[in-house]
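Okay, so chain A shows up in both of these, paired with chain B first and chain C after.
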Partner chain A sequence: MGLLSDPVRRRALARLVLRLNAPLWALPVAWLERTMRSVGLEVYTQSFSRKLPFPDETHERYMVSGTNVYGILRAPRAASTESLVLTVPCGSDSTNSQAVGLLLALAAHFRGQIYWAKDIIFLVTEYDLLGTEAWLEAYHDVNVTGMQSSPLQGRAGAIQAAVALELSSDMVTSLDVAVEGLNGQLPNLDLLNLFQTFCQKGGLLCTLQGKLQPQDWTSLDGPLQGLQMLLLMVLRQASGRPHGSHGLFLRYRVEALTLRGINSFRQYKYDLVAVGKALEGMFRKLNHLLERLHQSFFLYLLPALSRFVSIGLYMPAAGFLLLVLGLKALELWMQLHEAGVGLEEPRGSPGPSAQGVGLASLVAPLLISQAMGLALYVLPVLGQHVAAQHFPVAEAEAVVLTLLAIYAAGLALPHNTHRVVSTQAPDRGWMALKLVALIYLALQLGCIALTNFSLGFLLAATMVPTAALAKPHGSRTLYAALLVLTSPAATLFGSLFLWRELQEAPLSLAEGWQLFLAALAQGVLEHHTYGALLFPLLSLGLYPCWLLFWNVLFWK
Partner chain B sequence: MAVSHCFSRAASAFTAVLLFSFGCVAASHIEDQAEQFFRSGHTNNWAVLVCTSRFWFNYRHVANTLSVYRSVKRLGIPDSHIVLMLADDMACNPRNPKPATVFSHKNMELNVYGDDVEVDYRSYEVTVENFLRVLTGRIPPSTPRSKRLLSDDRSNILIYMTGHGGNGFLKFQDSEEITNIELADAFEQMWQKRRYNELLFIIDTCQGASMYERFYSPNIMALASSQVGEDSLSHQPDPAIGVHLMDRYTFYVLEFLEEINPASQTNMNDLFQVCPKSLCVSTPGHRTDLFQRDPKNVLITDFFGSVRKVEITTETINLQQDSEIMESSYKEDQMDEELMEPLKYAEQLPVAQIIHQHFEDSFPLCSALHSF
Partner chain C sequence: MAAAMPLALFVLQLLGPGGWCLAEPQRDSLREELVITPLPSGDVAATFQFRTRWDSELQREGVSHYRLFPKALGQLISKYSLRELHLSFTQGFWRTRYWGPPFLQAPSGAELWVWFQDTVTNVDKSWKELSNVLSGIFCASLNFIDSTNTVTPTASFKPLGLANDTDHYFLRYAVLPREVVCTENLTPWKKLLPCSSKAGLSVLLKADRLFHTSYHSQAVHIRPVCRNARCTSISWELRQTLSVVFDAFITGQGKKDWSLFRMFSRTLTEPCPLASESRVYVDITNYNQDNETLEVNPPPTTTYQDVILGTRKTYAIYDLLDTATINNSRNLNIQLKWKRPAENGYIHYQPAQDRLQPHLLEMLIQLPANSVTKVSIQFERALLKWTEYTPDPNHGFYVSPSVLSALVPSMVAAKPVDWEESPLFNSLFPVSDGSNYFVRLYTEPLLVNLPTPDFSMPYNVICLTCTVVAVCYGSFYNLLTRTFHIEEPRTGGLAKRLANLIRRIRGVPLL
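And then the complex of A and B:
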């Protein structure tokens, strides 16, 4: 006798289990198709499927498959050579149904106008960004992330600009705009200026980073608020996550923005007509464009919606930080050269052999650090099943914990490296290693700063001081603590706290730890699903470099 | 009886004397009128209207040119005497919410596109080379008649240009420019080839006055919408169409021209007053030092219209002496030119001799005609 002996209860339990296994929410594809067709668009669907590297909490399964629905409004008097996209990403956690309603209303309104010179694509995607990525890959006929997407039957020409819309309710108090995209790419500043113009014209309250615009720039308040918003943007750009569907469009050089309608406790609320008017204005202006947006900046930082800092102003900051590394490397080179010359005089023939041994003793730490980095990159996802079998954890947790385990194992390395390598090198060996490590770090940070300035600057600001100071003499524990605190993982941890602090929702340590683990999982997942580069950069590039400095610190 | 006879004879003689004197006075009055009849010196009118910019947001330049076209046609110049060059098609642009129209006033009060626009150079045909070829007449023989400026030495030509310009240049179609020196040289070529009697040059661009600084040929009057260092501004935008419809200077010139009819006696000084700085924000400028007549004697319709001068008179006018005068002046010109010829072309390629020889070889009959 038990729960399952009663056939009625057995059937009820079976039904319950079946319902739990079924998706909680799916896109109403047939209804969408019907409605879009009745509005007068050319409607097509696209199915896609993706095998995730590990099932995370939101997806709970390995295989994700869904359907995108999109309708094309053809320009009445122009050839279909260019198009604009209005996209509404739908997912189980954010059904975004209000935005779908606004999309359909806008489609009906646009269909009645004759002044469209570009086609307009109204896109509703399933599984948020996964669906958007599948659609974009099929549209541009590429396959960069290993997604299996069915080919698109309807196409509309080169996409000039896209707007992604996310609404949580039918009344909004403010519109938030997100510009940071995948790997820190940004749309052309003109698109943001366009949005801001229509905010002002329509009298809408528009926010950036979820905060109101600073009004008073003469006293200290305005600049401080601007600094907060700037730091928030730096943190978001450094994470390299696509903060909305627009982030995935940027890879194909389609300028895109995400607009989020926020319903909070404010006195004045706008209904969807106001939001729709702003969108209509934006699309009409984009319709007038004759070329791709290229006149304004592509690389900028925003302290406010109406102000920006251009790359010419902020890049020297990263440059100076890297100069520190360069100067330190130069100093070490000079010291090595002097010591080498000083030693050559008493010893005649063993001189070159000593230098030869010095180089050989460098290769081992380099190879071992790089191997650790490779392990950090490959093992967590590969070994998730093994870990899940031996330990009572889910696959996602297994991945994260393996990540942390390998990271910590690297800290134990220096005490073992010296057993592998017979150190005949004099104590200048650590200088050579540090020189190589400094140049390696400078190269990496330089390359990162060029493509994603925020990430490069953040890592440089944390790693450069301790990397420059690392040496085996002096107070080892202090330097070790400093080095651990500025390692990439610790930087990630710290920046999470800073991010929440700036958003005025500070974290406790336990919450922070949970968020940290979630961020690690998200980083690995996004690397595999969208090609985000934060995970490989940190694991294959910066972690080995940091390990070299750890080796230098513990040099015997 | 003899007294009455004498009296009647005296009376008739007196009336005859009176009539004769009246006749003399009347005859000289008619001759004055005849003098006035040929005062302006031109017998036909041409117009070359050029819009040099393309793209939807330059709607206003096309509207500018079409407004002048409309006025010029309304005042009598036929399409066969108008060379209209529009660099883009606004009326049929897919972005135009009112297809087949180009409006000059907001709220769509005035459609300057009309029903019978005849565009001679359209879209990519509007280039600097084509423009200069039209002006100087160096056109390939396959060019249709509607694309030629077939003016002669008794033609008054109106040249209107609009677009984007700068200090000393005017931009054609985002890819090339014409400089003020080139334009001045083109006008000099026209003068030497006797392709105009008088020329009115109007330009509505930023820093437009720089375009007429370098003119050096006689009988040219020039107007510009702004001085060097100033920008010409656009007039109001239309919210339904979404672009600025006209430039300020041409907007007010259009308003001024709408008042003109073929019989108007309005003169050029009134045109110089159009659009003061309070309305135009920029300072319109004009140049009359190369022009031989006094601007207050120059009618607007001398350039903007093609006015057939008709005077009904019951008197007969004897033009014999005038033709003698004309012939003698003609001979004088001939002698002057014969005297001046060797001096004029001393340093240059002896074009005249080459042409002269060419004509002699091929058309021996024409050797008596004076070549140019």
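And then the complex of A and C:
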């Protein structure tokens, strides 16, 4: 096995060589402090450090220690009870330095104005989201992810709203807005409306999901484009990742969004003045707020910037999907009841004993599938060093491969459990198991849909039909293929393809596989660094539940 | 001097049998004291001393009445013509670096050194016999003292008591480093005490606690002392001492707070009735180490200051013979608490009553230099009553600023000024003296978001319900309660009558 046979490794090595030749980029803390102070802000720094559970190969990070710099513009005649945040996350290279420049320019301009009623915090974070997480935890004096950071010296009351800015070049052709936050949280729709208003006012081109807005809603084209964007948003929200550093603010009930300058529509060109004007307008509007943004929707889906689908419209869809599970469970319950009565009468034996056997036979598969889920959750990160010692893989690869191995090992389960299980009535066993599994799935999907509709709907749409159909009769291979295709991992795999297809950048199978592995690693990593819940949800909740259906299918 | 002795003895013998009942001044006395010293390391040292003094000449034969002085030792003195006897049993080692200098020094193991009277002819023989007898008295292996481990120091180990000459020929010194000290040595030592372990300070001498310490040393010292200031005659003094060091980590579970009960699993309940003085001293010297101060409870009645071992120390005194000390609570359990000044001082907390009064938390804090003090308050968010929400509940609710008042030491000593004459800006806050000035700071108010119900929802519900009630209920009620009558249209127009007339004629149904 050659070292460079793997394309990922080859790329990583190439990047490493490049990085070694280039001077290592670090946040110029002293310069930032000096500049912010010269502009007239109260400047503070915060140092933080974090050891990731395993090396992050996408961002090339493992042991991270950085410094956040923030300056506070104190509002005149206000007691620092409320504040607004303009944040620029800086990554491991200087790609976002344009945004830092704009931030400093805005700070200098804002400092000269007298109308501020809320303090404004200008925050530059190192290691983008990690720095933001450290700063937010220190600001709210909590520690939820094991980040080590120095306490903040300067505070400015309750943060009312935050805007994150990412510009990759000084020429911006359009401003893209990202709303999807950690665990699918969304900011209040009014913040988005505010942004859109100022885009229109300033004549800026605004995009959502990196796509131009559909103009013509009367023909078929517009709604189709809208559907495409809606699906993109559903996929992004379902991933539960913070799509931009605004996503971490949402956890603290701070309405926030990320503005990303993109440079892909050549016919429109703006310089940073236009962007700055839009931002100034937004901040002045937010400055006038008497209450937190709360009037508009918190739960919505966006087919376009100016249109939304409210929760009242989309929630029934998920409800009807889950109703299928409920009805199927009811049917099984009736069948079980009839079977119990039918058994009882000819034999004359009391019913409870037969029922007791049926319940006892459920304990083993339930326990084993839950244990598999627990192993899936715990073992990859716990056993990465052991795996890396015994196999020629890096730690991050070890985590992903262990994940896949445990996941696949779960499929071998029914052959183990059916010997444990023994019932007089063969049908009763799988029916009872399926009944439990159906209720379990319905409960889980219901809870997920309430908190993160997109994820709940995506999972329900894929899992519900096969879950309702699964039974140990008929063509098992067909059912098994269906079940495998709708398992959580396959859903993730399929979602990646759909995602790239919708972005009009289709994937080949090999690329898709690489992306899938990277997504797995990212999912685990984001759970540990930011507290994203997708990984524990899938490994501890849905995967064991799915195993139960697999168990039903291969019941003997 | 020699002539006076028989006379005194004679008087004693005369008065002896019947004279005790008279108001004859007691010729022996017992003083007991316990010194508790919190050590810099967080451990606590306790030193007991029981001093029995007997104004009697023991060397003479015929002294047979012993009151407080233990007879076993008294006979030993007279039989072996001892001038001084120092015996110590020690388990452990006094860690001077962490514990500071000790009151009573002793080597690890058993140590015995004796000055004999110059009347003793065969010192070595007496020494051998004496060690064997002591071995029996204290259940120790002192009988292993022989010529191989006995020395006669010439410079060190001078007599501690009254001595006319110091001929080193009469001194014997021996150490048994391997001697293990345990309960069997403690029990005979306790039996020498007049109150044994029944009352007084010796109640605290509970073997299982004393040997659960990191240092244990018990000793017996006998020496002649001057009976009065002019030293015309001698008295015999017996000091029984016991020092223990309680380990903060083993006995105190890592805490630095102590009490008599936690140390000895006993409290003091009554003084020894035979003792003429019975006191507990607690070292409350403010070392200012780690900015901690010591607090004792119950508060002492008196304190005692002196220079001990080169440092000025303050001791809190609890006199057991003072009836107020024990009678108040039936027992005395002295508690030592270490307090950081940050937590020290005055804390006044007045909890809130919902809708009546707010919380009030006042703290007197002494801040160490260059330090950050964090005061955090946990609170729970609760729903208000629906009428209590402000018109803009999503703005949040204000928590009023905290107040910080301080007397800051001034860098420059200000001269006392005439209060009336000084400028007005300088004389609002009263200044006690020139070395301090008064500062009051306010923190920023805090905006707290309480859970806010969506007020549009009740509004919608009310509107909807009112509409439903108005439209449906109203019309249904109307329909149900109204009685309907079919009323014949009696009156018609003239044309109608005419038409009906014609119809009747034609035989067609009427209109």
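In this text, the second predicted complex is superposed on the first by the 516 of 556 C-alpha atoms of A that agree within 3 Å, B and C clash if a C-alpha of one lies under 4 Å from a C-alpha of the other, contacts with A are read in each partner's own complex, and residues count from 1 in each chain.
The rule is simple: a contact is a pair of C-beta atoms (placed from the backbone, for glycine too) under 8 Å apart; a residue touches a chain by one contact, two chains touch by 3 or more.
Note that the coordinates shown come from a computational prediction; the quantities given were computed from them, not determined experimentally.
In the superposition on chain A, contact is made by A:157 with chain C only, not with chain B. In the superposition on chain A, A:294 makes contact with chain C only, while chain B stays out of contact range.
Touch criterion not met for A:128: it reaches neither chain B nor chain C.
In the superposed pair of complexes, A:117 makes contact with chain B only, with no contact to chain C. Of the two partner chains placed around the shared chain by superposition, chain B is the only one that A:77 touches, whereas chain C remains out of contact.
By the touch criterion defined above, A:284 reaches chain B but does not reach chain C.
The intersection of chain A residues touching chain B with those touching chain C, taken from the two complexes, comprises 290. Within the complex formed with chain C, the residues of chain A that make contact are 79-82, 141, 151, 157-158, 253, 290-292, 294. Interface residues of chain C facing chain A in the complex, by the touch rule stated above, are 372, 376, 392-396, 398, 401, 444-449, 452.
Taken together, the chain A residues at the contact with chain B in this complex read 75-78, 113-117, 284, 287-288, 290. Considering their complex, residues 55-57, 92-97, 99, 242-243 of chain B touch chain A.
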